[in-house]
Structures are given as structure tokens and as C-alpha cells.
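This structure is in C-alpha cells; I'll ask about it shortly.
We call the chains A, B and C, going by the order they appear; numbering starts again at 1 in every chain.
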Amino acid sequence: MAEKKQKKFTNPFGTVVESLYDLFDKKAPRYLLMTIMTAFLIYLPLSSSRFTQEIMTNLFFYVVVCLGLNIIVGFAGLLHLGYAAFFAVGAYTTGILSSVYGVNFWLTLPFSIIAAVIAGLAIGAPTLRLRGDYLAIVTLGFGEIIRLTVRNLDITGGAMGLIGIQRPVLFGIVLNQITHFYYLFFILAVIAIIVSYRLHDSRLGRAWEYIREDEDAASAMGINVVQIRLYAFIIGSAFGALAGSLYAAKMTAISPESFMFIHSVMILLAVVLGGMGKIPGVILGAIIVTLIPELSRDIGQFRLIIFAVLLLILMLYRPQGIWPERQGISTKL
Amino acid sequence: MTTWEIFLQQLFNGLLVGSFYGLVAIGYSMVYGIIKLLNFAHADIYMSGAFAGLIILGFLNPYIGNQWLGIIVALLLSMILVGLLGVAIQRVAYRPMLKAPRLSILITALAVSMILYNTVLLMTQGQYKPFTTGLTHESFYIGALRMTETRLVLLIAALALMLMLHLFITRTMYGKAMRAIALDRDTCQLMGINVYKIIAITFFVGSALAAAAGIMAGVYYGTVHFFMGFLIGLKAFTAAVIGGIGIIPGAMLGGLLLGLLEAFGTQIPFIGSSWRDVFTFVFLILFLIFKPNGLLGRMESERM
Amino acid sequence: MALLDIKDLTLRFGGLCAVNQLSLEIEEGSIRSLIGPNGAGKTCVFNCLTGFYKPSSGDMVFMGTSIMKKKPHLITHMGMARTFQNLRLFKQMTVMENVMSGMHCRTNAAFAGAVLRTQSQKAEEKLIREIAEECLDFVGILDKKNYMAKNLPYGDQRRVEWARALATQPKLLLLDEPAAGLNKEEKARLINLMRRIRDERKVTIFLIEHDMGLVMKVSEKIFVIDYGVKIAEGTSKEVRDNPRVVEAYLGKEETEDAV
């Protein structure tokens, strides 16, 4: 029985944190906590400033994109450095259809997903057959392709970007208040969390884990490694595109600068900081990445250096992230 | 200009820019060969090299002037300096991670890249800095080819560096050890090769070459900026893949080919210079589909 | 017709010939062994069969279909499962999850099933668990299903690997040195288990082994290879008396004299 003990962290603070995690991993406290949190978040806009709502909306948005990237990086173990590009694919699909062709916002969503799937296949299918780290560089390159393409084309508004994207209409209400978007993104975040959990505990989720653990053994068990990875890549891309579409609707204007490499990096940071693969960890990462810049606005560029140093230290001393997958056995018994 | 002159001019431009790509690509390829790491920080090392050169040149100016001798001294000094920076990065960020999962070391590489990039961004306030040299831009002709002093110097420097590297790899013990470690690190350790030392030397050489390429690019384009590494990093990686990653002559070949491809590709009416980079990446993806092992690479079958 | 028919199989690495013109047949319901000195190319044969290596020439026909150009996962899907010489378990996962991996190729729930938790997906998950438990029970470690795989003793890890292979519901099971590192008692149980797999589950077994005693006991027919070439085949007695086999294992007499 003694063998079952995982390596424990020796500092007392760590132990306290670990036991908090363990508490959260048990079902009953988790549901209780989640109910309280949901109730609080539903109530929040009724008694808070526009500014708070803006930040929270931004946070929900980050939760969605981080969970999307987590499917690729955390679940499937593939390094993706151009996630903002998929986000841009969604935003521009909705933007063009809505502002140029006047298509209803909700009808643009399927097109945005289709566009992301096509882009995901075009990038993923050739590279996922190869050594894993080729994907990193190809996605990085793809990020540039998309940015340059939307800059150079007329239909995307060039460097100026697109303006006049229609507001979505839901049950006859035009969504144009921050509170509307607060609830819209909140619902989206909840859906993203549920989808993530369900994927994780499914045949597909297990297959990703097998491949991450041992690729050869996984294929000897009859798992089509390339196909299963491609699934992760496409599902993650579709998540990003969907978030991009909603972003376009919220901002009503988008430009190539909204989708720079740095955004891909920040999303990746959130996923890695929090703990790749672990859903509450990723949410924690999203909170850190959205809230710390808000609190430290005035130090500007310097905060990125601090972020990078933190990331480096984290990787060197706790490579599994702040709240990693499988640090305790408790969920497994 | 006649078509022949345009052709010659583009050929020269392509080879020159291609040699920058090649020099940076060598660093990617060597590091990948020896520890199987895609060194994301390499592009920023190239950029740091350009700035180191600029600063050293500024210091030297009053004493030696910024002509021939000044440039050469600045080039050598910053190669050494940036080479040491590469070694330090390797020691702090990569060496402890050699046994860790692949994803972790890629992320430390990314973190190092962000630190370098943002430090320079902060120091320069994001501005373009002029890279002035005393070399003239007056042109003269060699046959039908229009040349300037600057370009001639760059060409000679690129050729000299490649030749030196070639001799280093093929004629010294270090070169041999490097190739041996690329094949099997554990066995090398058993054979009494100081693996860590060889890895450090690899980083030194790769970083020094990238620094040289950075300074040469500064001289060629006349300005340097914090963002200059990003694109060339991607392109140098493309070059390394074209040549066959891990193979040093392949990286050089890939760089020159890519330079030529861009120089002539932008002459095609539909592509033009605003699509040049898109063209390069599409090429990379096509290359990965049809010839993933590169021009000089061989199929490798792993032992189980 | 034989379940597996290998004809003139050749595998080259650069100039080296790891497997050379190898031909052999495995009949359904049999237990067959492949033996040979160290480095004779035994594992290479397995890696070719399971699609990890691409043979240079020859043919391999499994259940009437050529598997020369098939990918590993497709071969497993067709009904060939394997274990590895040095255990390749999913170390950070539980024993149960390890064995559940075997059912992957027999099920097909994908994105929609996972997200919507459809009836068929739920039924499938239940089936996966049932079969995994049944396989664990068969090899006798059901009580350890919630342990982390890496925390089990070596002998038990081996059994997890068998359970995992059995969960793919194979017709042919390839065992790569199943007795390596086991003690005498465990070996006796292993022989028993192999017979049970064959008799109760109707699975044909093809194994590589160093332990001659075990091989002689368990298999009806033995193939001997050396330097990738088949040098003998037959019953244990025929093989034992074959001078070429003795030579391969002990070296030629002249060379011995020279030493």
C-alpha cells in the first residue's frame, strides 16, 4: 500500500495547497463549491461596476480559449504556438459574413467552425505525422500566415481591420450591453468546462492520455495515433474559432493586431502555468493571466519579462504546473 | 535593366540573404541534432547579436572608427559575447531539463525567448535603431552585376564563416564528438566524452554564428530592431528543415535555397513582396508533406 | 490455411540484414516459439509483424490478408496483439485504465458521444469496464485494478500487459520474452496461463523466449533463427538434436578448439 503514495512536496505551504486540491477533487465538496460559485457569478453583475463586469467577461473569454488550447496542449500533449490564428479564423469568418454579407450572427457560427476545421486539417494532417515539435513551428508559421493574409486582403479590411460587425440578437434583445456579454460569455465558459470534463473522461480523453504516456504502446493497442491527435487539434481549433466569433460580436471591430503572436503566448502561458491537462488548473491559469495584468497595468512591458522568468522558474522546479493532473491518487480510488 | 541584369541581381540578393538564413539555421540544426530541442530562443540570440554589435561598435567608434577594422572587431567581440550568452542560457534553462518531458524543455526555450525579446524591447523602447557603418554604399560593377563595398564585405564574411565552421566540424575532436553525441548521447557518456561540455560548445558555436548573422543583417539593412529575430527565426527553421534538420551542410544549403526562392519568388507577378512570407511558410508546409526528412536527410528507423 | 503465413521476410537496416528470407507458418490454435541467440533478430520479426518496422521484401499474410504495408493500429484491429520485451505500460495510469486501452480499437465513441453522453456511449463505457475487469480477473490481478501501474511489482506489471493485450480481443498473441525476470514459481504459472489463454479464449500464441526449458514445455513447435536466418524448425526434441542449433548456441567446434 505504501507504494501508492505519490511524491509529496515537503514545504508546509505545499502540503496545505495539496490538501486543498484533494478536497476539491472529491465529489461532494466540489459540487457544493461549484454551486456557490455559479450562484455568485450569476448574481455579480447586479451589484458591480461596468469595469468589474468588463474584466470578468474578459476572464470568461480567456477560460474558453484556454480550455480550448488545453485540449491540444494538455490533453494531447502537442505544443501549439499559433492559437491566436484559429481565434482569428473564427473572428474574421463571423466578421466578413456579418459586416459584408449581412448574415445573422448565430448563422455565422457553423461557418466559423467549418473554417477552423479546414484550417486545422490543413495544418495538422501533414505535420502530425511527423516529430511532435514540428507542429510547434508550423503553428507558429501559420499564425504569421493568417496575420499577413488578413493584412493583405481587401475583404478582411487590410491593416485597418473590419468594422461594423452586427450585434447578435437573442430572444428579440439586441446584445449590446456589457451585462449581456457577461452572461453570454459566462454560459460559454460553463459549456466549455462541461465539454472539457466530458472529453477528459471519455474514450477519446483516455486515448490522448495513452498517447502522451507512450506512443508506441498506444499504437500497439490499436490506437490510431495520428487520427486521435488530429481530433484534439481540430476540436481545440474549433473551440478557438467559436470564441473568436463571439469576440468579434462583442468588439464589433477587429484588426490583425488583435491576433498577434503574443496572444498565442499568453494563452499558452495560462495553460502551462495552471497545469496542463487539469481543468481547474487551466482555469486558475486563465485567472492569473487575466487578472495580474489588470492589477499591474502601469509596469507595462516589464510584466512580460516577469511572466517569462516565472514561467522559467516554474518549469525548472515544478514542471507539472501549479495544479497539475494526477498529483494525488485520491481521484483514482 | 535587362532581364539578365535583374536575374544576376536577384541571384546575388538571394544568396546573400540566404547566407543569413543559413548561418542562423546552422544553430537550430546543431542544437536539434545534439539534444533534439527546437531552440526558440535562437531567433532572439540572433537579434541580441545585432544589438551587441551595435553597442560594441558605438564604444569602439572613437578609438578605431567604424570602418573595416571596427566592424571586424565588433563582429568578433559580439560573437564571443553572444556565444557565452548562449552557453549561459543552455546551462540555466536547458541542461536541467534534458531528462524532462519534451514539452517542458520547449516551454523553457519559449520563456528564454520571451525574456530576451522583452528585455531588448524595453531597452530600445520598441524603436528601430540605425546601424551605421563607415562602409560606402557607392556602387560599382563586376560584369553586369552591380555591387557595393558593403555587400562585398558581407559576402566574404559569410563565406569565411561557413568555411571556418566546416573546418571546425570536420577537422577537430569537438566536431567529431558533436556528431557522435547526436547519434547516441548515453554511449558517448560511457565512452568518456564530456557530453555537457560538448553541448555547451555547440551552443557557443551556434549562438556565435547567429550573432554574426545578426550583425551582417544590421549592416545589410541599415537598421536593427527588437522584432528582427521573429521572422528570420521561422525562416531559418524552414531552411533547416529543407536541408534536413540536424545536418549542418543541409542547413546552409537550405538557407541559400530559401534565399534564392524568395528572391525569385517575389518576381512572380502574383506573389509580390507583401506575400513573400506567406509564400515561404506555405513552402515549408508543402516541404513537410512531401519530403519531411529534408534534402540531405535519411529515413531513420528507431530501435524499439 | 495457416493463421499467419510469413514468406521470405527480409528486413534491412542500411547494409545490415536483420531478418533474412524468413518463412514460417503459425496454425490456428497452436502455441509456437521463436528462439535464437541474442541479436538473432527475434524482436525484429515481431516488430515487422506488428507494423513497427517496414520489411524490405517478402510477405506476411494474417488471416488471409497481407499486412506488409499496414500500420500498427490496423494490425491490432485485425486481431494481432503483442507485449513488449521491456514492459511498455502507461506507467502514470491505473491498472484498470491500462487494460481499458485494449478496448479502444473495439469501440467507436467519438466527440459527439463524449460530449452528449449518449445512451450508446454510456453502454460502450460500461462494456469497456466489464471486459477490462474480466481480462484482469483472467490473469488474476483484478484486486489491484486501482493501483498506479508503475507501483506494482514486476511480475504483476507483466500480467497487466497480458490483460491489456487480451482486451484487444486478439486472434493471435505475440509475447516478447514473457518469462524474463520471473522466478520459477511465476514461470510455472505463466505456462499454465498461456495454456488457458489458448484453450479457454481460443487465442493462438507466438512467443519469443530465452528460457529453453519453458519453450520446450509449452510449445508444440519451435523455430530457431540465427543472424535473421531460420536454421531449424520442429518439435522440441528435433530442435534440441539439430547440430546447427547446437552450433548457433554454443559456437562451432573448430572455433572452440581455436580458443
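Note that a residue touches a chain if its C-beta (ideal position, glycine included) is under 8 Å from a C-beta of that chain, and two chains touch if they have at least 3 such contacts.
What you see is a predicted model, and the numbers here were worked out from it, not measured in a lab.
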| item | value |
| --- | --- |
| Identity of the chain that, by mean CA position, is farthest from chain C | B |
| Central chain (by mean CA position) | A |
| Distance between the centres, which are taken as Cα means, of chain C and chain A, whole angstrom | 41 |
| Distance between the centres, which are taken as Cα means, of chain B and chain A, whole angstrom | 33 |
| Centroid spacing, where centroids are CA-atom means, of chain B and chain C in whole angstrom | 48 |
| In chain B, residues with contacts to at least two other chains | 304 |
| Of all residues in chain A, the ones touching two or more other chains | 216 |
| Residue numbers of chain C (touch at least two other chains) | 52, 84 |
| Footprint of chain A on chain C - complex, ascending | 50, 52, 71-74, 76-77, 81-82, 84, 88-94, 97, 100-102, 104-107, 109-111, 113-115, 117, 121, 124-125, 128, 146-148, 151-152, 164, 168 |
| Residue ranges of chain A touching chain B (in the complex, touch as defined) | 73, 77, 79, 81, 122-123, 126-127, 129-130, 132-134, 136-138, 140-142, 144-145, 148-149, 151-152, 216, 261, 265, 268, 272, 276, 301-302, 304-305, 307-309, 311-312, 315-316, 319 |
| Interface residues, chain B side, partner chain A - complex | 38, 93, 96-97, 100-104, 106-108, 110-112, 114-115, 118-119, 121-122, 230-231, 234, 237-238, 241, 274-275, 277-278, 281-282, 284-285, 288-289, 292, 304 |
| Contact set on chain A toward chain C in their complex | 3-4, 195, 198-199, 201-207, 209-210, 213-214, 216-225, 231, 235, 326, 329, 332-333 |
